[in-house]
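The chains carry the letters A, B, C and D, assigned in the order they are written, with residues numbered from 1 in each.
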Amino acid sequence: MDTPSFFKRIIRSVVDPDKRARADRKARQLIALCRSLLSEGGEVSGAALAREALAAYHSLPEFALLAFFDLLASEFSPDPQELTRACQDYCAQPSPDSLIRLFHLVEPPRQELFRRLNMAAGGTAALVGMRERLLGALKAHPEWKGIDADLEHLFSSWFNRGFLTLKRIDWHTPAIILEKLIKYEAVHEITGWRDLHRRLEADRRCFAFFHPALPDEPLIFIEVALTRGMSAAVQPLLDLGSAVSDPQSADTAIFYSITNCQRGLRSISFGNLLIKQVAQELKQEFPRIRTYATLSPVPAFRNWLASVQEQLAATAAGRTVTEELKRLDEPEWFKRADSAERVQKHLVPLCAYYLVHAKSDGEPVDGVARFHLGNGARLERLNWLADISKHGMQRSAGLMVNYQYRLDDVENNHEVYVKEHRVVASPKLKKLARECPLSQPAGKR
Amino acid sequence: MDTPSFFKRIIRSVVDPDKRARADRKARQLIALCRSLLSEGGEVSGAALAREALAAYHSLPEFALLAFFDLLASEFSPDPQELTRACQDYCAQPSPDSLIRLFHLVEPPRQELFRRLNMAAGGTAALVGMRERLLGALKAHPEWKGIDADLEHLFSSWFNRGFLTLKRIDWHTPAIILEKLIKYEAVHEITGWRDLHRRLEADRRCFAFFHPALPDEPLIFIEVALTRGMSAAVQPLLDLGSAVSDPQSADTAIFYSITNCQRGLRSISFGNLLIKQVAQELKQEFPRIRTYATLSPVPAFRNWLASVQEQLAATAAGRTVTEELKRLDEPEWFKRADSAERVQKHLVPLCAYYLVHAKSDGEPVDGVARFHLGNGARLERLNWLADISKHGMQRSAGLMVNYQYRLDDVENNHEVYVKEHRVVASPKLKKLARECPLSQPAGKR
Amino acid sequence: MDTPSFFKRIIRSVVDPDKRARADRKARQLIALCRSLLSEGGEVSGAALAREALAAYHSLPEFALLAFFDLLASEFSPDPQELTRACQDYCAQPSPDSLIRLFHLVEPPRQELFRRLNMAAGGTAALVGMRERLLGALKAHPEWKGIDADLEHLFSSWFNRGFLTLKRIDWHTPAIILEKLIKYEAVHEITGWRDLHRRLEADRRCFAFFHPALPDEPLIFIEVALTRGMSAAVQPLLDLGSAVSDPQSADTAIFYSITNCQRGLRSISFGNLLIKQVAQELKQEFPRIRTYATLSPVPAFRNWLASVQEQLAATAAGRTVTEELKRLDEPEWFKRADSAERVQKHLVPLCAYYLVHAKSDGEPVDGVARFHLGNGARLERLNWLADISKHGMQRSAGLMVNYQYRLDDVENNHEVYVKEHRVVASPKLKKLARECPLSQPAGKR
Amino acid sequence: MDTPSFFKRIIRSVVDPDKRARADRKARQLIALCRSLLSEGGEVSGAALAREALAAYHSLPEFALLAFFDLLASEFSPDPQELTRACQDYCAQPSPDSLIRLFHLVEPPRQELFRRLNMAAGGTAALVGMRERLLGALKAHPEWKGIDADLEHLFSSWFNRGFLTLKRIDWHTPAIILEKLIKYEAVHEITGWRDLHRRLEADRRCFAFFHPALPDEPLIFIEVALTRGMSAAVQPLLDLGSAVSDPQSADTAIFYSITNCQRGLRSISFGNLLIKQVAQELKQEFPRIRTYATLSPVPAFRNWLASVQEQLAATAAGRTVTEELKRLDEPEWFKRADSAERVQKHLVPLCAYYLVHAKSDGEPVDGVARFHLGNGARLERLNWLADISKHGMQRSAGLMVNYQYRLDDVENNHEVYVKEHRVVASPKLKKLARECPLSQPAGKR
């Protein structure tokens, strides 16, 4: 679902007054059901009423969603008067009782509504879908923020790691799950069933987290290649025709793709837990594997590059770089040996600099770096012409990074990162970063 | 675990100053782990730290539990100053933002702590067990009320109906689950495996709710006999030697036992949902079954009877009754035909009166009646000498009740009960109640 | 595997004397292992030795297969002398003992060898594959007939219906099984995963028999469309873009494809059992379905047509037919309304005649007819332009047949067919057959 | 079922002529169904007819079983005339074709009948049960030998190791299987669920073979204790109150009980395969375990002892032994230290002699020794007062043996045993045997 245009469509459609009236009516009917569900009777009629409300939600015309969210925001929030009183009581006397009372009043009735909707079959899926739609429209409707906060709060409780199961995905997995991988894959597109099959052969592993209430929906999945040595390029891994190697001879596990599947679960993070548990699983199955590392894109590199042109222009070295990097705009520059070599010479130090030093609000500008460094990995190696796909060239200028997970250092690295916002990198990479003109006195920020 | 004496033992033990110091130390170590788990690093080290904290909790000496709960209550509550400020902010301007802020501050950090503990394997079971222990000591330690409120709040979210699975229990069920039935059964004791086997034969059904995180632990289970006609006595149902009848010839499903298994889930109610879903399942499997009814004890009847002696003494009819009912104290009175008959004559109307009219705070005094009437069942029939076990004679004077669930009336009955606190009963039962001396003008309350 | 050319290749390759020697050596090594396995020790070393022998078999170079089969035929047959003696003993005195002795001696040791090979993991699959290879070469090597007889005898015992499980195949089925459907489908090619998915939607059913020792290998599968009315053409059923209809509104189940998957199980028949059990399953799930029928090709029709040209030439009517049917050789004749109509007029009665009367050894010439009539179905309806695929036009001139399975008549129909070799057909179809010139006096056979 | 008395009862009952006539009629009806099932129609009506025949078999009155077996023996045997002809043909010309023909004719139609009965649900269980009943009566009815041969032949094919699955049995196993263990245990009685539970704790393992057609019926099961050092007595292993030890600290696996469960599968042997596969499984789970040994009874020792009295009397040493061993008849002799010691001194060498030298037809007299030595184990150690149960004292004079399975020697040992009938024993045990008076020159056999 392409949510922005979806909402534009809605907005256009509700200009029609008839349609608007109908949307209002539909939304109000659903809200009435929600109110019943929240009443004392609702608790007893239980699943039946939840089922009815859910059916009404599913048959809600798209253009009535706005009205529904509006009502959800206005009618199922805490009662300001009561809450104000409870606040005053608490301030007057902050006892356990006044606190418990405050706690109960401050929780928007929406949360209980969502919990009751969840009693019906398919409830969890519907609520996750509801948040996906909501998120798509939140920018235009900041007044719905409270709804989002409620759903996020619920989901972070429901999708607790203790309730998730890690499952291996392979060719024995049901097709209904496999097709989701093809659909969701966010890093290196899966072009079809043949491509998927190659990624599930004996020299690969794929794992996903599942929640019992969404048995056919992976929450997040990771793809791993079992290799000899740390992969320096992704195309060989994606090559459909590549020979399947013997996994028992592998010494390295390369995490080459990790995808969050459910937009409705935004900011409920599973990635960190998944990587670590998968590393544990692999260690068990393949005692010979010594290295756990990613092969990751540098997605915002070229954007950042554009943003530092002025800075580069401040030094002669920088100007040379700028001059040389103009080649990046020539088509297929990287296929000509001389071009490639000169670009490499100037670009790699810049990228190292970007990864080690480019920050925003104290954290690395690069989202992927933020994620892996935050998990306790270390910036290990920069790989030249590692992803020569159109996408890879456009965003990362073909560069990819190995972030290495040394299981014994992970906690320390994470500590250092969190407390001091210091980027843990290999000496070689740090050296590269120092070679960048931006690292020179005149070029420092 | 016999909690009261368990806590008495603890209290005794901590008089010893050495032990007390050790308890404090152990509890503080655990609390330190909990604090790490709650820190930002805790989120990342994730499951590992949770595992460690859980292990520390499990190895906590019993006598250190007091200290642990004390620290849990004092150290993981909201910060009163911050919260007071947030209250004042909200009162000053009750916007979505100030509400969300208030919402986050009012939630005790304990809840997040519990959620993180839950990441480790066995976390859910440990937390449910923790609340069981806490509940056993709450009377003596009202200052722990907040901990209980937090756990209850979490559990009511986690054990949402949408996450439970209904499973049939039969002789194909793993022994590890079956032995729990023997252990937990709360209504009619299961004397061993042979007894259990009889209750799982072809003319019986047993269903339980399970939560995915507690795969070997039923949360609640119900035992059903498939009979011809509505059972009027429980001993034939419990008879190990009774012949197994053909379930296809049954026209009635008798719910003769329902047991909540987890004390740690107190006030998270599943019973109502279970009865209704089981009725649906049975309807599917046995289209010929027309009647769904319980065969239930009247557990507080004799207590109540003792409490109305004075009232009875107010009328001549009442005095006669009191006189006749002295037989109840004779051993085996019910085995002598004449005795039994005279007792029956006077006792049955009293019991009918008790069920229909005896109230406390507007609700029926009888807990079982409260449960089934609240679910929308109707008081159908009183059965004389229906449970002649020692237990049954002592508490219910041998009487049992059929509460009938008519699927079409359930919602209405419930409505009537909730709104008007009116007891829905069969005409025959109401008539019986009117025959009771307490119903007479002079005897009215 | 394309067996004929495979064997041709082998034969060519073994002209080389070196290779021949090597083949012989390899085959002899395997045979030596087989002999060990058959020895008394073999029974005890059991699975280990079987594993070894199986590994040797799997690594046998293709060109050594001939030598292996030769040795299998010559060395593991009953001892003629011993057997002759046992025959004479039995003839002299046909007692239970002499019979049991004869029984044990006549069973080729190969059977025990195969049973012992089966002890290793993957044994069953290897043996089924061995027979597939054997069957491909049997014409050229009639001396291997005994091996085939042994394997067939074993398989008909091992693949007994009592050991098979019927499983529904749908989008929840593992990919490793689904890809087999794409590979094996023998009636209407499955063009890929999208095509397969359409055939597994809500308005379709697919079932297969599985054997526990071959969990990822369907033995036979059937595809069913749930429709309103009896389908008269197959292209709408195969249309990837067709709307998915509500299966609850269906009154008819159309079996439009049935495929035996394992060549190595030739003449072990499952089809009859599958169709009947699937009909039972559908009856259970969809009580509204009244009609169970196939939509089947007439695969040998055009071949037969060519063979009766002379006969047709014997009458004037026949000659007209022959003349008109020349259009069949024009490209895309069926797309021109006038052509199509004239062809239809003459061809349909011929096809009806073919189905009802064309026999060979007393049984219908048409293999598909033989199968369904033998199962107790009845020839219900001929459908014009029902399969306009290239394949369908070439073999069946676009015609398809509905064979109807009336569950109550199946046994009678079968009886009639088996005893009298009478074809059970609808009156309309019989009438059509009578209109064919070959039915006319001068044209009768 | 107590078969001998069961058959006596039958025999008595059929003296009554009316009953006899009814039995005949019932048996004939069933035989008629069997004949239909074997007809060509039977193949098509398939499962339905098999179901009917099976139902008729199950409802056959016990006293009609004789008549049924008689008919089975007389009517479903090969046709002597046809078979004689086939024998003569084969003798005249022993070609592949005449062999195949002979093969098909010599197979009693009963085998095909049994295969077809097997198509119905529950068929396999019914046939196994049928053989159990048959075996119980075979001594009295040698004319049924052929039926038994047929069933045995079928079962040895159907219950091939390749079709069996090894399953661990523990407290997660369904009760329906666990109760079978209690029922079937043949070596050390399981006294109830508590006893069973102890045998399934963390320091024990239990494994069984299952066949897919009998999912709730173990075929054979073995009980293993994980211990430190080789157990010298069985009572500690059977002690319900014994502490559960940490399996990770074990260095020895003691197979202390192995039970064949299905009498109807007599002479289809699984024990050898089970022991070896279980040893493999344990090796995988517990790399520290170095010793795999049994703790086995010497069931026929005292019988044998009685039989060698005369031989003992031939030497002075022997006469002393005989004198001393009279104590064995005193009650509780083994509880008096002096008695026990003197008995031990004389009895242990005799038992060693018995195990190493006592043979019948070249094989050890002792059935348990025959089984384990035949599997390649070695006689390791004799244990004094190792089983002081009533049973153990009566049959084995309290002695038990450790047979050790050294995985590397198993094959060699087996070879030696099979070819030379030599008993592989530890030096210590051989030395003990030499000390026995029967080993002395005058006492040699």
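The rule is simple: a contact is a pair of C-beta atoms (placed from the backbone, for glycine too) under 8 Å apart; a residue touches a chain by one contact, two chains touch by 3 or more.
Computed from a predicted structure; not experimentally measured.
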Comparing A-B with B-D, the busier interface by C-beta pairs is A-B
If chain centres are mean C-alpha positions, then the most distant from subunit B is chain C
Separation of the C-alpha centres, subunit A versus subunit D, in whole Å, is 61
Separation of the C-alpha centres, subunit B versus subunit D, in whole Å, is 51
So, in whole Å, the Cα centroid of subunit A is separated from that of subunit B by 42
Flagged in subunit C as touching 2+ other chains are none
Among line, ring, star, complete and other, the chain touch graph is ring
One finds touching chains in the pairs A-B, A-C, B-D, C-D
As the complex stands, subunit B meets subunit A at residues 40-41, 44-47, 77-78, 80, 83-84, 87-88, 90-91, 94, 96-97, 99-100, 102-103, 106-108, 115, 118-121, 123-124, 142-143, 145-146, 149, 153-154, 156-158, 160-163, 212-213, 272-273, 276-277, 374-376, 411, 414-415, 418
In their shared complex, subunit D is touched by residues of subunit B numbered 171-176, 178-179, 192-193, 197, 216
